[in-house]
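Quick one: the structure is below, and I'll ask about it shortly.
Letters A, B and C mark the chains in the order given here, with residues in each chain numbered from 1 onward.
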C-alpha cells in the first residue's frame, strides 16, 4: 500500500492545506496524473500521483491543514491485490516506528510503550523530549546514587540481621519521670547516659538473667556487668564497652564513657574495647525519637533504648498534674529466654531507680 | 691505472655475489617461496659494484625497484635481505617493505623505491641536508632511463644544480622501461645529454665495464665531495632478464638477449682477470662456491626466521602514535 | 596578556625553534626575500641566511627533498605556497613521505614539517582556494595540525618542530591577520587534544580553522534564542581527540561538524561516522555536516559566497538537528 504524504515545496515549508482532490476513493490513478492541489503560504501546487493504482483511502480533508510528511491518502498499487504477502512478523512493525537511537534506548531502559508515544521530530520521529512525560510518570530511579556498604556498615548489618532473625524480640516500653534524675545528674556533674549506666548496672545485679549471653542452646549468665554503649559515628554505629561497671563509681563511669565515646568517634578504639558486653544501652534521646524498638546486640539477651526526654504531664497519685521531664525507656528482650513478666519487673525496678535516685 | 690484485678480486667477487643472489632469488620465486614481485639486476652488476667501490659507509644511496644489487654492493647483509624478500620479521624492513622497498639507513641505503623516479627527490633532499650541516658526505642516486622522463627527474637535477648539492646521478640505462624500449620513449639517444640542460657535467659510459664505471664514478664522487656539485653519469647496460620474474617478455626476441649475453659484465671482467693472471680456475671456482654458501646460509636464515605477527601491521607508522586510531 | 597576530605567532614559533635547534631549516617558494606571501617569515628575514632559502617551482622535488633531508638528520620546514599545490607534488607526500617509515619497518625518523596557507579568500578561485586536509587524513602516514587562533598556532607549531614524525600544517589565509592572546613564556600544545572553546549543553559543534570562528559566531546568535552550543575545536586532525568529542555528544545528544572543505567525503564524514559508531545510543538526531558545496571554487564574489559555508549555515544545521 503506497502512503501519499503531504509534500514539501520549499525549504521552510512545514504545513500545507489541501485545496482540492482531483480523484476520489475507489478511482484509478496513473503515475504522474494530477492527484490533488496543495497550498502553502502563498504558493499553490498541483501534486502528481507518485504511483499508479487505485485510491484506497483519502484521509486528508479538503480545506484542512496537514504537517509535511503526514499521510493523506493510501493508494493500492497495481498488481498489489494479487500479491497477498505473509503477515509481517512483529519485529518488522517495530522497525517502522521512527525513533532516534537515544530515545529508543531510554524507552527500552524505562519500559515505555512506544505505541503510546507521539513523535515530534522530523517526519514524526520520536525524540527524547517526547518521552519526558512518560519519564516523570515513572519513578525517578535514574537519579539514584549507588553507595557500596563500607566494611563497618556491612558488619553492623550482618549482626543486626542475625539478631533479628534468631532472637524472638519483643519490646516493653515504660514512661519514666526523669525530673529528679536529671537534677541529680546535673548536681553530680555527670552525663545522663552515665547515670543511666549506673542504674542499669544496679538493676542488672538484681535481674541477673538480663546480664547474659544466649547461643540458642545455653544461657550464660555473667557475674560482672559490661555495658556496651551505642555511639553514632560518621562511619556508622559502634558499641564501645565499659567493663565491670558494677565495680565503678558514677564518676569513674562518666570518665570512661567520655573517653571511649571520643575514641569511637575518632576511630581509634582497640578491638578489646568493643568486645564482651553483657548488656547494651542505646540512647537516641538527642535525636527526635520518643519511642523505638531497638534490636538486641547478639549474643546478648536484652537491650535498653532511651528515647527523648521532654516536657510532659505526669499525674500523681493524688490526681494532681505537674509538668515534668518525661521520657520513654524501651527494653527489647529475647523472648526465648525472658518472659514479658520478667521484662516488666526489670523495667519497674529501673524506673524506680531513675525516679528515685539515691546515688 | 694500476689496481691491486685484492681490489680487482673484490670487484669481481661483489659482482659474483650479486649475480648469485639474483639467480637464487629467481629460483626461489619460481618455487613459489617469495611473495609479491622481484626485479632482477642480472647483467647490470658492474654499475653497482663500480660505483659503490668509491663510497664510504656514511655516504648515501637511493635505489630503485631493481635494488638488490645496490644493497649488496653497499654492504647489505644477505641474510637480512633474503629474510625481507621472504617477508619475515628478521628482514631489513621487518617484512613491511619487501624487495621493492628494501632499505637500511644504517648502511646508508635510503631505500629501494617502487615509484619510478621516486628516489630522486629523496636523494636531492639528502644532499640538501648534508650541505646545510656542512658535512662531506655524498649521495648517489640510481635511476633507470625510464625515470629520466619523469617530472621528478627534471625537477631533481635542476634542484641539485642550483644549490650545488653533493649528488651523483647514476642513470642505469638498461634499454627497457618494463616493455618500452628506450629508443621509443626518450627524446635523446644519450641521456647524459640532458645534463647540459641543467648545467651539470654529464657523461655516457659502458655500464658493463666495471673499471670504467669505477673510474668515472670516482671522478664524479670526488667532485661532489669537494663541493663541486652534481653530475650525471649514464651507464649503458642491458637488462638480461625480464622486467620482473615471470615477465613473458613478449616485447623482445630470444636472439637479442643472446647477442647481449656476450657483452655481460661478469664474463668480460673474468676474461680480463684470467689474462692478467689474477684469476685461475681454482680461485674462480672457490669464489663462486663461497658465494653459493653465503647465499645458502642466507636462505636458511630466512626460512628459519619467524613471520611477523599479524598485529605487527599496526606498528612502525609513527614514532609517537598517541591518540592514533589504527 | 599581549596580543599578537596569527602570522606573528607562527613566525615566533619557527624563530624560537630555529634558535633552539640548529638542524631546523626552512625553504619554499618566495620566502627568503619577502618573508612568505603572507608574511609568516617576516621575523626570520636576515636571521639565519644559511637556513632559509627560496626554491624553484618544483613541488615534487621540494617535498621529496624534505624527506631526504630528514633521513640524514635534519629538520626541514617546507612552505607550500598554497595548499592546492600540494597536488602538484602529491607523489612525494602520499607515496614517499607517508610511506617510507612504515615500508622500512620503522627505520627512519621523518622529522619534517610541511606548512602553508589554505582556504577561501577574496576570489582566488578554484586553484588557489581549496582546503584539502581530508586527503592526508585518508592516506595514513602524516600528522595534521590546523590551528584556529594565534595561541593554538604557536603551541602546535612548536610541537610540530619537535616531533619525530612528519607533520602538515594548514593555516587559513583569512586567519593570518587575526589577533589573539599569546603568552610570552614558552608552551607547547600536544597533538590529539581538542580545545573546548565554548561550553554548552544542547548541541555539540566540532570544527577547525576558520569554521571555528563561524561556529562561535553562530553560537552567540543562538544563545539569544536560548540554544546552548558546545563548540569543540579539534586543533589537530591526525590524531583527533575522539574521547572529548564523544564525551560532549553524550552530554548534548546532538552533533554538527563544520568544515570549509567540500561537504562530500570531507573529514566531517569521518568524525560523524565514528561518533555514530561509538555513541549511537546517545544521539537524539542524525549528525549533520556543514561544508563547501561540491563544486570547484568559482571566481565571482556572489558565487564564491554561495559556495562557501559560514555562520548562517552552522545556525541552520544546528536548528535542523534540534528540530
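Convention: contacts are C-beta pairs under 8 Å (C-beta built on N, C-alpha and C of every residue); 3 or more make two chains touch, one makes a residue touch a chain.
This is a predicted model, so every value here is computed, not measured.
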- prompt: Among line, ring, star, complete and other, which one matches the pattern of chain touches?
  reply: line
Field: Nearest-to-centre chain - CA centroid comparison
entry: C
Message: Report the inter-centroid distance (CA atoms only) between chain A and chain C in whole Å.
response: 53
Message: Taking the mean of the C-alpha atoms as each chain's centre, how many Å separate chain B from chain C?
response: 40
Message: Between chain A and chain B, what distance separates the C-alpha centroids? Give it in angstrom.
response: 81
Query: Going by the touch rule set out above, which residues of chain A reach two or more other chains?
result: none
- request: Please give the residue numbers of chain A that touch chain C in the complex, ascending.
  value: 100-105, 121-122, 125, 127-128
Residues of chain C defined as touching chain A within the complex: 253, 280-285, 320, 323
- prompt: Which chain B residues qualify as touching chain C in the complex?
  reply: 60, 62, 91-97, 101, 103-106, 110-111, 113, 115, 118, 120-130, 132-133, 137, 139, 151-152, 155-156, 158-159, 162-163, 315-325
- request: Spell out the residues on chain C that touch chain B in their complex, using ranges where they run on.
  value: 23, 25, 50-51, 53, 55-56, 58-74, 76, 91-92, 95-96, 100-109, 140-141, 143, 163-165, 190-193, 238-242, 274
